[in-house]
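Each of the next two complexes has chain A plus one other chain: chain B in the first, chain C in the second.
Entry: the complex of A and B
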């Protein structure tokens, strides 16, 4: 209690001081889970940060901290950022959820933006992208492209975001190829190139000729390239250095417009807590160029799905879809609501294995 | 569950690859500790070796030059530890930790322009008849040369420590540096050479990750392998073959647990993920029940006037 009030007073004092010194400069902090050079998730967030700098120039000051472990350590980093006078802090990984809420309580005047989480407060917004829409496109390509009918999937953590992606990819792969099987390996890390490479190699040894990844490094791409006849998809970033083969397409996160809009809102004083969840239509999820390794008709089909997802005429989870245990989830033509998607903790029918609890 | 999807031959072949970085680093550290020096900077030397090797391989196009550079890079960084602990007589634990932190930072700096680049590949051993043999071909004769270097180095270190005068002197320095000094051996000089050997081995291990196992450069890519190597040396009771066993066990369980996951075995993933650590510690603790302890002078500072 004592510490909290002390911190709050310090923050208030600091806030006043910085307001007096640099009233016209907005300070924006970013907390990253990996290095900015990961070529994937964190890289794209940093591109968003750079876009903020390019947009506002001298009116904004950005700071970032890389490789912040999820959990208590992140709380320390955020507290330090807030004490240093940040007006807006983006915390860019799921595991920062509770730390963000905790720190936000201590600094009511600092705005927080937490990526991919679901806990909000008066000064905490959440934002995420509908990556599962991109997974629908990947699943379609994967279903067509696999010859062994085994698709390998490297999961990071068993959280709704990742499970949604697996389900979406599986539903669409099955739609075009009823024989397809998914083999899923949980890496329990967002970023560990050696572990990701091992996981990819194991999946390839067990017959997978398509690798989907929900981890952030390009190591699985390199493993697939070494194996030769395996295709992959870029994750979070385009990973185009592995195109046209093994990387045949990608999901690209584009955070720049959102980061610019939210920084602007803080400058204007119009910032308020809200939940943003945008997909292909709004441009937050991009589909990287589908390479020539994919036959033209498959490419056309994938692009058609992408367009339908973008204009809203098709939802990635459209019934009939059953849950893994065979119970009904979505009826004919029914689409999933955001609440269920946000908390998704079950596999759809046909996926083997259990979600780690 | 479909265990038949696991191919035991490929499994053994890939566990050897997974174990090699740990083995190289552990063998180097073993020699350092046998000389009575505790260098906790293995992780830092590995990552600097990883980027040195990667950068030189990309620039020169030759993985061999890259591996040479990684050994030199690791050894150079260990010189910093030499200056701190052997010349300035600083605390070895603190200096080692500092070396790791410094190495991680330095490697990020060195690697700025190498992110996302693909290195030239080192060819695998390909002996016409032998490599094509079923089962033993892929396991024994289908690897890259550095993997064999790791095993050869283990054998060499074992023979050196056990049978040669050099090994005896090294052990004497590690067990009782005052006595060794009294006998006229140059304690500091011997330790410096041991530390540099350890640095070179750690560098090689790091480059094995960035050039062969992954292969690419990303910041922080050694991801704790150096610490595992350090622990392995202790659990292996400072014996080279046990370090090899431990490394293969660790690499093996790591690969097996991924295989079991992919095959859909109904063991909770969390248990599988912690299994490499548990099994390796368990086996090596069992093995180390004999009374072979740490080198007596391990971590103690030596100065001729004391």
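Entry: the complex of A and C
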């Protein structure tokens, strides 16, 4: 009896304490699909969260829950954050799309930001990065660096974002090396070090001496290091612990400027629902330092493409490009429109194999 | 000196007490773990066990306990039948997936028709999907004597591949801009396993779980088949003399657990989850094994154990958000529960004696 009442008093005290602190602070919640220590996707979102804390200090309170399964669990976690007084909630995985919309309906005064999705509402924005721009830089380096002319690619899921990356890398690898071939393995996971390592080993055994990954762990880097003569690229985060070899460069997701801007908008009362799709130019996609394992002239060429993508003078998908079946996609000098890119479900000409159905 | 002495009969008292002691031990050592992470242990344990039930927002969390607990209980009830008879279905996760695929598939075949019979057909489809997936290890065991543990477990991975395949192909939402995943059944009334009363968390899966509990209780205590199940587990030789047909028992136990796991998957996909996606399954089929044992393979115990497991999930997420506990700490905490349960089970079969040192 005594214990129960003691616990109840304690709970009440805690509840009041949290409520009092929360009143004058902007509370920002983050829902993560992986662990913050994944060294890739979730790690970078958490870096963005830390940047928000660093920027606003005492004026902001951030909370996060990691390893949240997509589906009803994510819906519960978002509801819990909203109930606990969050003003702004970032949901950082594609599978949180419908749950985000569901919860947003129940909490019209809370703002939601869903990463990589396409459903919006008055209080739901979407945001994503043009990772395929980074793939153009990687493809250029890969095309020059491969000696076996076999580039291995670890795909996560055959969704438009991943297919876009494969196409972009392939187009630019072929541009500098007409003999290059891509071997693609689908891991059907975003983060599973064991599966990713297996995929890398299979690709290396099949002759690949360059490995590109669209999965988030550093396991492929370790596999390439063990093999010796294979180069890799960091994915989502810099993975610089594997530089200068095997990791020769990387695509870095930099969410910090966006997270700071959106938190500021909520504080100022200027937040509006919108769709953001930024690339290298806006700083959302960063290219990690190209290491000395890459010859100077290749590095210069890669950086030139990066700069052209950044200032908008070059589009990663510029015609002539044909689809895998030989039909025309983009004419001479024509560039891809965002609608086609957003739903991309075909390979470009020259890639062998089928997209899993 | 401490001596273990085998009991002539397993202790009834300890058999009932060990789950409770295990939960208390988990609370204590979990508290030590949280303290080592620099968190207030009392606050952390309170957040996990008290907040969802009696905290400020319990009006929301209590229904969530039903949503999280129902599939666990439904699957665990089915598993407990087999486990009692020494038939080990480890692949409930796969049967859960297949139930969801067939259930959702049957429904989507009618899209966008609105008709009363769609949902019942989906229920039958879900049960069938789980049943047929469980029949594979059952028939292989009966016919060729294969090990049902291995076969059922391996079929989980096959089911996961099928799930990925239908999410990307057969059941993919044609209006989904090329993204994987089926249509959302929540926005289609005829197929939606909605809450029976808004905000109660009570959906058809919860109702079915309660019915399954009652059926299992009656079966085990009042029915010949239930007696045969218990007899086979407790005294296999006696069962043979009593004329128990092992093949029939295997088919029944695996089939029943498959049906219930399939139903759990179907109710989940049509209700709380809403759609078939590549990551649809979140481990209910495996967690249900813990629930079955935590509940002593007894129908009522399983209900309580499902509640406790659901509580640690919901409370664990609250603790992550409010206290900044890492999710790995919550997983260790849940793992402790099984660890202590298995360790303390020793007391059911053994007595601890403090023996004075004797001079030889």
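Observations, loosely collected:
In this section, the second predicted complex is superposed on the first by the 334 of 357 C-alpha atoms of A that agree within 3 Å, B and C clash if a C-alpha of one lies under 4 Å from a C-alpha of the other, contacts with A are read in each partner's own complex, and residues count from 1 in each chain.
Definition applied: a residue touches a chain if its C-beta (ideal position, glycine included) is under 8 Å from a C-beta of that chain, and two chains touch if they have at least 3 such contacts.
Computed from a prediction, not measured in an experiment: that's the story for all the values here.
After superposition onto chain A, the partners chain B and chain C occupy overlapping space and clash.
Applying the stated contact rule after C-alpha superposition, one finds that A:310 touches neither chain B nor chain C.
Of the two partner chains placed around the shared chain by superposition, chain B is the only one that A:241 touches, whereas chain C remains out of contact. Once chain A of one complex is fitted onto chain A of the other, the partner contacts of A:298 are absent, as it touches neither chain B nor chain C.
Contact with neither chain B nor chain C is seen for A:227 once the two complexes are overlaid on the shared chain. Within the superposed three-chain model, A:193 lies in touch with chain B and out of touch with chain C [touch as defined at top].
With both structures placed on the common chain, the touch criterion links A:64 to chain C but leaves chain B unconnected.
After superposition on chain A, the stretch of chain B that runs into chain C among 25-33, 61-69, 97-105 or 169-177 is 97-105.
Across the superposed pair, chain B and chain C both touch chain A at residues 35, 66-67, 158, 188, 356-357.
Every residue of chain B that touches chain A in the complex is listed here, in rising order: 5-7, 10-11, 14, 18, 21, 108, 111-112, 115-118, 121, 209, 213-216, 218-223, 225, 254-255, 258-259, 261-264, 266, 268-270, 273. Of all residues in chain A, those touching chain B in their complex are 35, 37-39, 66-67, 152, 158, 183-186, 188, 191-195, 197-199, 201-203, 205-207, 217-219, 222, 225-226, 241, 352-354, 356-357.
Looking at the complex, you find that chain C touches chain A at residues 42-43, 46, 50-51, 54-57, 60-61, 64, 67-68, 161, 164-165, 168-169, 177-181, 184, 186, 268, 272-275, 277-280, 282, 313-314, 317-318, 320-322, 324, 326-328. Contacts from chain A toward chain C in the complex involve residues 7-8, 10-11, 14-15, 18, 29, 35-36, 63-73, 75-77, 79-81, 83-84, 94-95, 98, 102, 118, 157-160, 188, 342-345, 356-357.
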